[in-house]
Amino acid sequence: MEIRIANVRKEFGRFPALHDVSLNIRSGELIALLGPSGSGKTTLLRLIAGLEHTTVGKIYFGDEDASQKSIQDRNVGFVFQHYALFKHLTIADNIGFGLRVRPRATRPSRKEIRRRASELLDLVQLPGLDRRLPRQLSGGQRQRVALARALAIEPRVLLLDEPFGALDAQVRRDLRRWLRELHDKTGHTTVFVTHDQEEALELADRVVVMSQGRIEQVGGADDIYDAPASPFVFSFIGESSSLPILVRDGEAFFEDERVSLPVRDCEAGPSRLFIRPHDIDVVADGGGTFSGNVTMVRRNGGGRRVELAIGSGGHRVEIEVPAEVAPAIGSTISIRPRRWRVYADAAPTGPVTTAAAMKAAEPSRAVAAE
Amino acid sequence: MARTLTQSRFRKPSVIPGFGLTFGFAVTYLSLIVLIPIAALILKSASVGWDEFWRIATDGRTLAALRTSFGLSLIAALVNMFFGLILAWVLTRYRFPGRRLIDAMVDLPFALPTAVAGIALGSLYAVNGWIGGFFDFRITYTAIGITIALIFVGLPFVVRTVQPVLEDLDKELEEAAATLGAGRWKTIFRVILPPLLPAVLTGFALAYARAVGEYGSVVFVSQGIPYRNEIAPQLIVIKLEESASYGPAAVIATVMLALAFLLLLCINLLQAWGRRRFGSAG
Amino acid sequence: MPAEKVFVPPDYQRPTESPPEVAAIPFRQRSAVTEPVWVRTILIVVAVGFVGLFLLLPLVFVFVQAFSMGFGEYFEQLSEPYAQSAIRLTLLVTAIAVPANLVFGIAASWAIAKFEFKGKAFLITLIDLPFSVSPVIAGLVYVLLFGAQGYFGPWLEANDIQIIFAVPGIVLATIFVTFPFVARELIPLMQEQGTGDEEAALSLGASGFKTFLFVTLPNVKWALLYGVLLCNARAMGEFGAVSVLSGRIQGFTNTMPLQIEAASKEFSRTAEVAAFSMASLLALLALVTLILKTFLEWRYADRLSSSAQAH
């Protein structure tokens, strides 16, 4: 089932949770909604399910306008973050619930419902647990039961809200792999919400990165990681540092000093340079793009993390060096970015040349780091 | 004393002082005020002899009074169960002007002396009263009047046992039922009400037990005509007044007490069952 | 490496607080988890009507009747000697019964909540016992002990001690019926709070009594007040148990509730006002109790036990 979200806006009271969101989900796709809390990802999922109604905009299932349908008629499989299993029903009755509440005309027989429940239990690899009550199962088992229950109604789309959020790390990894296999086997169009980027990038065909009620970028893991569409995506996915720079006449300036950084294609004006720790080279003879004082060194698995304070503003930049290199605190290191991105600051508009004006445009985080 | 108790197997050791003093005082006080007097009651009723006990307990008037007490209390408790459930639902789920006032008012029967409730209900439902005037049949001095008084005294129980459970009920359960295709009524009957059941039954049993023992408000709405609408506590008072020996009153009281204990036992079993089945009870 | 020109929100690093994603506004349109408007309306009307008819109306009625012959008559009736004596007796009985049960409640909850011992659950059940005993039976048991034909009757008579049909009997009956109130508010709360605070105080050198006074008591003071409030309301209003024991001698052993009954049996306008004016005092007490209770629940909800059952 193809899903089309067309210019959807959602407000809670006067609080806008989603601004003008559009998204096409292909049939059979496994898609992740990724973002920090408050980004609107859960709201979007609940809108698709019909648990909330759009303030403006429409949601199409195929060619059909689902916004006009009640939640009961939408036929979506929704897996809740805390599973929402019915405590007073056995596992089999939980899974069969969606079939049992159908109107008499379309309701399968009791025997058929039982058969389907045990079939689904086999599918989620929990055979023989039909008679148990939810509280007799572990978290991971409950998660699978919740999934089986959602699948029992043969949903047109499967929606999962933070499906692994309440589980511990090991179970989480196993379930993740298992969900991917299950998806490949059943082919349901699947949307899941997560705040865990590793989960999103590893599991999903495409990732929708959201922030503050807007979609920042939609793409596969490579797109998102290698070509972040916005500073938000760059800093939200993976580790990064940033420096305020000024782009003028195709050249880059840092604290009024020209730095050797090819920025010919960049828009002129105050901008920010984003770099990842492992995309930075240390230059031995002081001929790097930036140089800074070592403020902290710590061992980090196979390598070593070095934190530098760069320029008179003391901007914090983290770099990764081989474990053999152990610079002394207070020593000066020269660095050159290997891969980077420059994003122009939005305001103020007009020609800005002075260092003072540049400082004013800095996001608060950089100031706080001084 | 406290030292020796610390070593005993009766309680686990603890650094906190005062067990001997507080435990001793509490048990002594409990014995003097409650246990010994109740033991005296049972002793007294036993002292009349088995045949006499049976004769008093199965006397027509006694049985009629017990039937009136337990029967009307059952009706009152059922009414309270039904309306109590609606009240608890409305108070937890809906927001409307005056909700807090209604919520606070529910406890009125706990705070208002039964004599005050009795005299007010008695006058309100009298043939020339504010409400009684609307009906062309008698309410006070009849079983209906007694039932109304019993509804009053038992009103808060179901509301107050169901309310916290309803508040804790995860909204996601209802959403899950909706996504699985269940309509609102099916959701209510298959998803919401089953977990409420232990709390509802507990509240029902408490309201029932309270109504069975009620005396203060009933005497204002019913004089108690033997064999017709005399309640058991009324009969106990009459037996106490008319008989020089306390035997008959003690026998009826013992029977009532036994039935009340049965109810208490039911409450405890219900709560235990609810905790086993649903993780929590009211 | 192509650089990009992208709009940067000024505070993109800091997303705002989580939105009320599952707002609990019941009048939300067409929500999946609420009822149609007409159902909600009917249920609210039924609930409000039920409370109005069974609770609010009797309460209002008491005051209307009390003042039905004007303020003058109201105060006239309340200053009658019998009325005065009933008020004094009720205050006296309450002043003895409530502190007695307060001390018991504190002792019992300390022993039960701070220690582990065998038979604890049974002890808690016994404390709740008076709730499931009819007030009439509560009165009866003391008649059986101290009445003329009772177990201690002859001895009491020989020593010229009057318990039944006198103040001590009324006090005993009142203590019986209000027995569990303080204890059952304190026990669950103190059990929940555990013994950590007390152990800390003791390890810092505080004596047992000081530990109780400065550590335990402040932790439970609102629940304690709550229990005293309910205990007080019941003590002043008890009818059944007291009526069995008092002998109903006007001006001597009639408490306020008994005086209401006495007045209600005389069929005159002034007697009716007398009954209802006395009732209005107790109704006022109930209102004050409810207001304080509501205030305590609203203000200190987290420090009161959640068990609001059987009062």
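Some points to look at:
Think of it as A, B and C in the order they're written, each chain with its own count starting at 1.
Keep this in mind: a contact is a pair of C-beta atoms (placed from the backbone, for glycine too) under 8 Å apart; a residue touches a chain by one contact, two chains touch by 3 or more.
In this text the structure is predicted, and so the values were computed from the model without any measurement.
The interface carrying the most C-beta pairs in contact is the one between chains B-C.
Of all chains, the one whose Cα centroid sits at the greatest distance from that of chain C is A. Per-chain CA centroids place chain A at a distance of 54 Å from chain C.
One simple way to say how far apart two chains are is to compare their mean CA positions; for chain B and chain C this gives 15 Å. Chain A and chain B have Cα centroids lying 55 Å from one another.
Residues of chain B found to touch two or more other chains are 175, 178-179. Touching two or more other chains at once are residues 25, 32 of chain C. Annotation for chain A: residues 50-51, 71-72 touch two or more other chains.
Within the complex formed with chain C, the chain B residues making contact are 10-12, 14-19, 21-23, 25-27, 29-30, 33-38, 40-41, 44, 83, 86-87, 89-91, 93-96, 98, 100, 102-124, 130-131, 148, 151-152, 155-157, 160-161, 163-164, 171, 174-175, 178-179, 184, 187, 202-203, 206, 209-210, 212-216, 219-220, 232-233, 236-237, 240, 244-246, 249-250, 253, 256-257, 260-261, 263-264, 268, 282. Contact residues of chain B toward chain A in the complex are 170, 172-173, 175-183, 186, 190-191, 194-195, 277-279.
Every residue of chain A that touches chain B in the complex is listed here, in rising order: 49-51, 71-78, 80-82, 84, 86-88, 97-98, 101-102, 135, 149-150, 152-153.
The residues of chain C lying in touch with chain B in their complex are 22, 24-27, 32-36, 40, 43-44, 46-48, 50-51, 53-59, 61-62, 65, 103-104, 106-108, 110-112, 114-118, 123, 125-137, 140-145, 147, 149-151, 172, 175-176, 179, 195, 198-199, 202, 208, 211-212, 230, 233-234, 236-240, 243-244, 256-258, 260-261, 264, 275-276, 279, 282-283, 285-287, 289-291, 293-294, 306, 308-311.
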